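Each of the next two complexes has chain A plus one other chain: chain B in the first, chain C in the second.
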Partner chain A sequence: MAFAPPRPSRIPKIASPRRSVTPGWLGLAFVLPSVVVFGLFLVLPVIAVAGISLLDWAGFRIGDWTFVGLDQFRQMVGDPVFWRSFTNTLLFTVVTAVVLNIVGFAYALLIASHVRGSTLAKSALFLPVLLSPVIVALMWTRQLDAFGAANQLIALFAPKAKPTLFLGDPDLALAGVIVATLWQFTGYNMLLYYAGLQNLPRDQLEAASIDGAGKGASIRHVVVPSLYPVIGTVLLLNVIGGLRVFDLVYVMTRGGPNRSTEVLATYMYEQAFKFSDMGYASAIAMVIVVLSISAAVLRIRWGSRMTEDG
Partner chain B sequence: MIDRYTHPVWRVTASAFLIVSACIALAPIIWVVGLSLRSGPDVYSRSVVPKSLRPENFLDAWNQFGLGPLFLNSLVVTTVSVAVAVTASVLAAYGFARLKFRGSEVLFLVILLGLMIPPAAVIIPLFVEIRALGLYDTHIGLSLVYVAFGLPISILVLRSFFAGIQRELLEAARIDGATEIRILWRVVVPIAKAPIATVSILMFLFCWNDFFLALVLLRDQGTYTLPVGIAQFIGQYSTPYELVAAAVIIAAVPVFILYLVLHRQFQQGVAEGAVKQ
Partner chain C sequence: MANTMRSVSTRWRRTALLTGAVLAASMITAPTVGAQDPVELEMWSWNNEGAYPLVHEDAIKRFEAANPGVTVKRGQSNCGDACGVTYFGYTDYLTKFKAATAADEPPCIAQIPWAGEFRDYVNSGELVPLTDAIPTGFPAFFDPIVSAVSINGDVWAVPLDVNTLQIAYNKTKFDELEIAVPQTYAELKAATDKLGEQGTFGIAMGTKDKWSAGDLFFAQVAYTDGTNTKLTQADAGEVGWDDPAFAQAANNVAQMVADGVIAPGANSMDAFQGNLDLFASQAAGMMYPVGNFVTAGVADKVDGAFEWSLFPFPKPDGSTLDNRATGGIAEMFVVTKDCKDPEQAIEFLRYLVNDEGGAALVANDFIPSWEYPVPSDKSDLYNNMVTAQATANSRVIYSTKVYAELLNAMQGLMDGEPGSTLIDAMVAAGAQ
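Showing the complex of A and B:
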């Protein structure tokens, strides 16, 4: 396995495989640091979470557990709070994914037309993307409270109205969290679609315009079909983002009032780190894993169908 | 592109709409800036425009919430994590792209699966593992976890760039007798500044903004990073609103400044990182 540089006298064959020059262990050595960290802190936990979901365990001492099989999952099926957080997570995910995609796409089309104000709108809409969700959550908690911007705006039109506590009202709290999320991520979606628009098939667009196709027609028949892969990616990112939502809910409402904003991640956190029920919390985590992977599988299936022609 | 046949009326309407949108997007931030400068009864007034002006709120917030140490902790954790993740992923991406070995494709696919795993899904075993390793409540433990979560996207972005480098460039260096590590450092890295910048920006945003992992893996207030610190200290209802607002603005300022200086790189980096998935 000695490593020797090829002698200049040897004439290399045209398609000589590089493997003869670089031995296999060398490649392995390059990837090793990453593989070790990744294996220890991502692969191992993914396997372990499935195992822990079968245990009754407070998490204090390793080995100090009882094997309970699928009991936690049975408990989950009969747990109304789990179902509340499950439906809230799905509702949050679907609403944010749909709205963000549509609004993001519309803004991308607008700024791609390069009218005056496009650069300003692009930069302004993108700015919240960079903020920590904690900052966004604290900002919106203030906007939505009794003395916040939302109530000030209402007071402009209805000075006599009593202030609405958006985050204190079980019917409005989830909507409040969703609004904060939409505010933060519209620019993200806009930017992704904008990037996708830069790679459009120019010739097809020109052909459409020469054929006298209207703006709506060329968007429907040329722009949207060639953006299918981008739509898939953006949808997947939004869905995965929605399924893992934690920060905004935790900081804005702690899942309240009365569980009305409880999502899977906050409920799992409460079970694990407040009630020390690692087994049950892991069972909830498994639901997050399964949902995320299903979304990815759907995306890969959908993506391979949509991109066959290009 | 699609602006070819657009009516002037449409262009004016679109412009107006975009400018209004920009204002709406910035309004919450501006409102919080306004709140951060209010004092006394003006904090609770129903007027949208502040009537008082008290910049000292920022000093008070800085001292009261101990923002100095929080900034320092965030800076240390982020710098270490970005440096380690970028170094490790440059090496790994070069290995996967240019030094293929038996099983390297499979290994790469396994790492890509990491893109699909949300932190919430694995936080319990991570917590147990970090504690068992004696890394609970340490910046090293948190950084290692950040690196693990940052590797998949970093390796993906860098690998696709490295795979596109002309073979002749590397062969020339090999014939000169350069070792692979030297080729990577002297030939590849200098032409890969753009993807390395992308990867660094994505990693910076991830570490600087993370709340969930830091919340679970840190316990002591002295080790808190900025998001955990402000969320924990400010969550209490007794904190004066105007100081909360001031703290939030202070916490956001570094990212604002970076964005002002590097807005093109940030927009490009975030878009590229996402589209690659």
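Showing the complex of A and C:
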């Protein structure tokens, strides 16, 4: 018996491929909290909002609603205020996303070059990100009023000019809100690009340098292509942030003057809490959701194409 | 054995009977015990400025003293640790109130705006009708005020006080420049021109938060509709929002803006911040709208730098009507349907508007919403407001969509758009 060959069960088994790739119950247990939180606080509310967009509901009593199908969306098509807020939202989103990315990237390059004072600049530029948008809005409201910094600056060059009331002028109010947004979030983009710059392929940069590429050419042909995944993510974050902007607009202009800064989120708020029209407000919310998801899908497709192109 | 069984059965029956008796007794006594439990009423308001918290607190103290075991929940306020109900800024108030109502957890007693939201809450069945309570222990409110808080034949709110909206003017500057109080629009424009020669703006308005722009329109409707009924009729669909009375009022406002009577930048200023700064710093000679709800704030800011007083918005040129203010209910309170102790809430409202309540209002320069004698030592300003109240015209549109578009379009007029844009916006909103 002592020389008996070991029993087959004692022979060490080679793990089956199936076992090595599936996480099993332990793996599921690890992801479950995230799935539950995601489902409860994101998927379910979106489904609920989609459902409410098909109802005529004042929002007071749960059972006190009428099913109206797609009527809210039909109403939306003929609603000039919706289209105004839609256009303003897109304009705000495009302008802020483009400028935030260009300026944020420029700041990141400046800081990555480690010129004197770059550490201080990094902190100073990131500081506004830490402030509440409400504080930023109040601050910029003051800066853009008749006695604010903007008019004092104008007075330096045109002492006799009447004060420009940026937020009271329908042609300038949205620009005022955009400036406040850019001031607050440029540092955020800068930090993301700065993190991306830390992972640049040094060998390619050195090769470009040996081949005689100047700084501009290196940025264009090495840095930017290497940052495509970062650019895609930052753009997506900016676009989604722009589509759902509310606080800065609400505090700075309340959507005025005369709807000139009305965006989808402020219009949705008005419908829900002033007009007690939860159905229509939910329909507007669905437009924001669809636009955000579309932006995310575009980002994913763009990312895939970049990966395929190498 | 049979005896033993009978004995056990009897014991069980006795136990069951005893248990039943105890349960029954506890059910009978439960309401008595419940009535002795402490009751806490929650009350919300957005008026934590001026002297309103003092008036609220005065009523709370008297009510709590007379009703041991019943308290009003204390919230944050600006008048001391032991003072005040739960206050939220107006910007957030309706959002919070709506969310609390939807969650079936509204406060028992809530301040509510006098306009469209009030109607929405009534129609949604969220409020307790007060029709049966009003005849007992409440004063005889002014008839137009009772009408304003009545919907579908029931009374739904207790009006605390009324206000008038007039133009505040820098009396010292007017005297210096020998400007008489304007009685007509031509005189108002002449006064503005004279102020302008001294580098001073005319009427400072803050229309960024919109509502005060609506009041400029209502001040004109008070003259273009001499009957003071068109707003109510339009709300009911009996006349159109393009009625000549409204069109003329819109044109009057557009003319005022074109004539420079309104200080520039109204849309970039909040009412009672930017415009009050202009008035208090004497950069503007007048300010609109000013009522008893803000006179304390104006006095604080002016701080004795100059004398000021009030006059009703002057009538348009050619009008044969007497000059008149606009006005209506200032604060009004409702009892919510989800309140666990509506009777106690109604009882508290009685304390808010009884004789002592009236005295507290008058002592703090508010005008009670019922006939109340004015003490001889009250200021000229207070007497001015009480006098203006007698002729004050309505400033209410109940249709929230029409009202919202009126306010937005008024911002357009402040930026120089023609009066017709306002009428178009109101007609379109009315058709929705």
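Keep in mind that, in the parts below, the second predicted complex is superposed on the first by the 266 of 310 C-alpha atoms of A that agree within 3 Å, B and C clash if a C-alpha of one lies under 4 Å from a C-alpha of the other, contacts with A are read in each partner's own complex, and residues count from 1 in each chain.
Just so it is clear, contacts are C-beta pairs under 8 Å (C-beta built on N, C-alpha and C of every residue); 3 or more make two chains touch, one makes a residue touch a chain.
Predicted model only: the values in this text are computed from it and were never measured.
**Student:** Tell me which partner A:170 touches in the superposition: chain B (first), chain C (second), both or neither.
**Tutor:** Touch status of A:170: second partner only.
**Student:** Taking the superposition as given, does A:160 touch the first partner, chain B, the second, chain C, both, or neither?
**Tutor:** neither
**Student:** Quick one: is A:273 in contact with chain B, with chain C, with both, or with neither? Answer first, second, both or neither.
**Tutor:** A:273 contacts both chain B and chain C.
**Student:** A:64 in the overlay: touching chain B, chain C, both, or neither? Say first, second, both or neither.
**Tutor:** In the superposition, A:64 touches chain C alone.
**Student:** Of chain B and chain C, which one touches more residues of chain A?
**Tutor:** Touching more of chain A: B.
**Student:** So chain A touches chain B in one structure and chain C in the other; where do those two contact lists coincide?
**Tutor:** 59, 269, 273
**Student:** Per the contact definition, I'd like the list of chain A residues that touch chain C in the complex.
**Tutor:** Per the stated touch rule, the residues are 58-61, 64, 80, 144-146, 162-163, 165-170, 253-254, 256-259, 269-270, 273-276.
**Student:** Taking the touch rule as given, give the residues of chain B at its contact with chain A in the complex, in rising order.
**Tutor:** Touching chain A: residues 1-6, 11, 14-19, 21-23, 25-29, 31-32, 35, 43-48, 88-89, 91-92, 94-96, 98-102, 104, 107, 110-111, 114, 116-129, 132, 144-145, 147-149, 151-152, 155, 174-175, 177, 180, 205, 208-212, 216, 226-228, 230-231, 234-235, 241, 244-245, 248, 251-252, 255-256, 259, 263, 266-267, 270-272, 274-275, 277 of chain B.
**Student:** Which of the residues in chain C end up touching chain A in this complex?
**Tutor:** 94-95, 98, 101-102, 117, 120-121, 124-126, 207-210, 264-269, 274, 400-401, 404, 408-409, 411-412, 414-415, 417, 428
**Student:** Considering only the defined contacts, which chain A positions touch chain B in the complex?
**Tutor:** Touching chain B: residues 5-6, 8, 19, 21-22, 24-31, 33-35, 37-38, 40-46, 48-49, 52, 59, 62, 107, 109-118, 120-135, 137-140, 142-143, 147, 149, 151-153, 155-156, 159, 183, 186-188, 191-192, 194-197, 200, 202, 205, 209, 215, 218-219, 223, 230, 233-234, 236-237, 240, 243-244, 246-247, 250-251, 264-265, 268-269, 272-273, 278, 281-282, 285-286, 288-289, 292-293, 296 of chain A.
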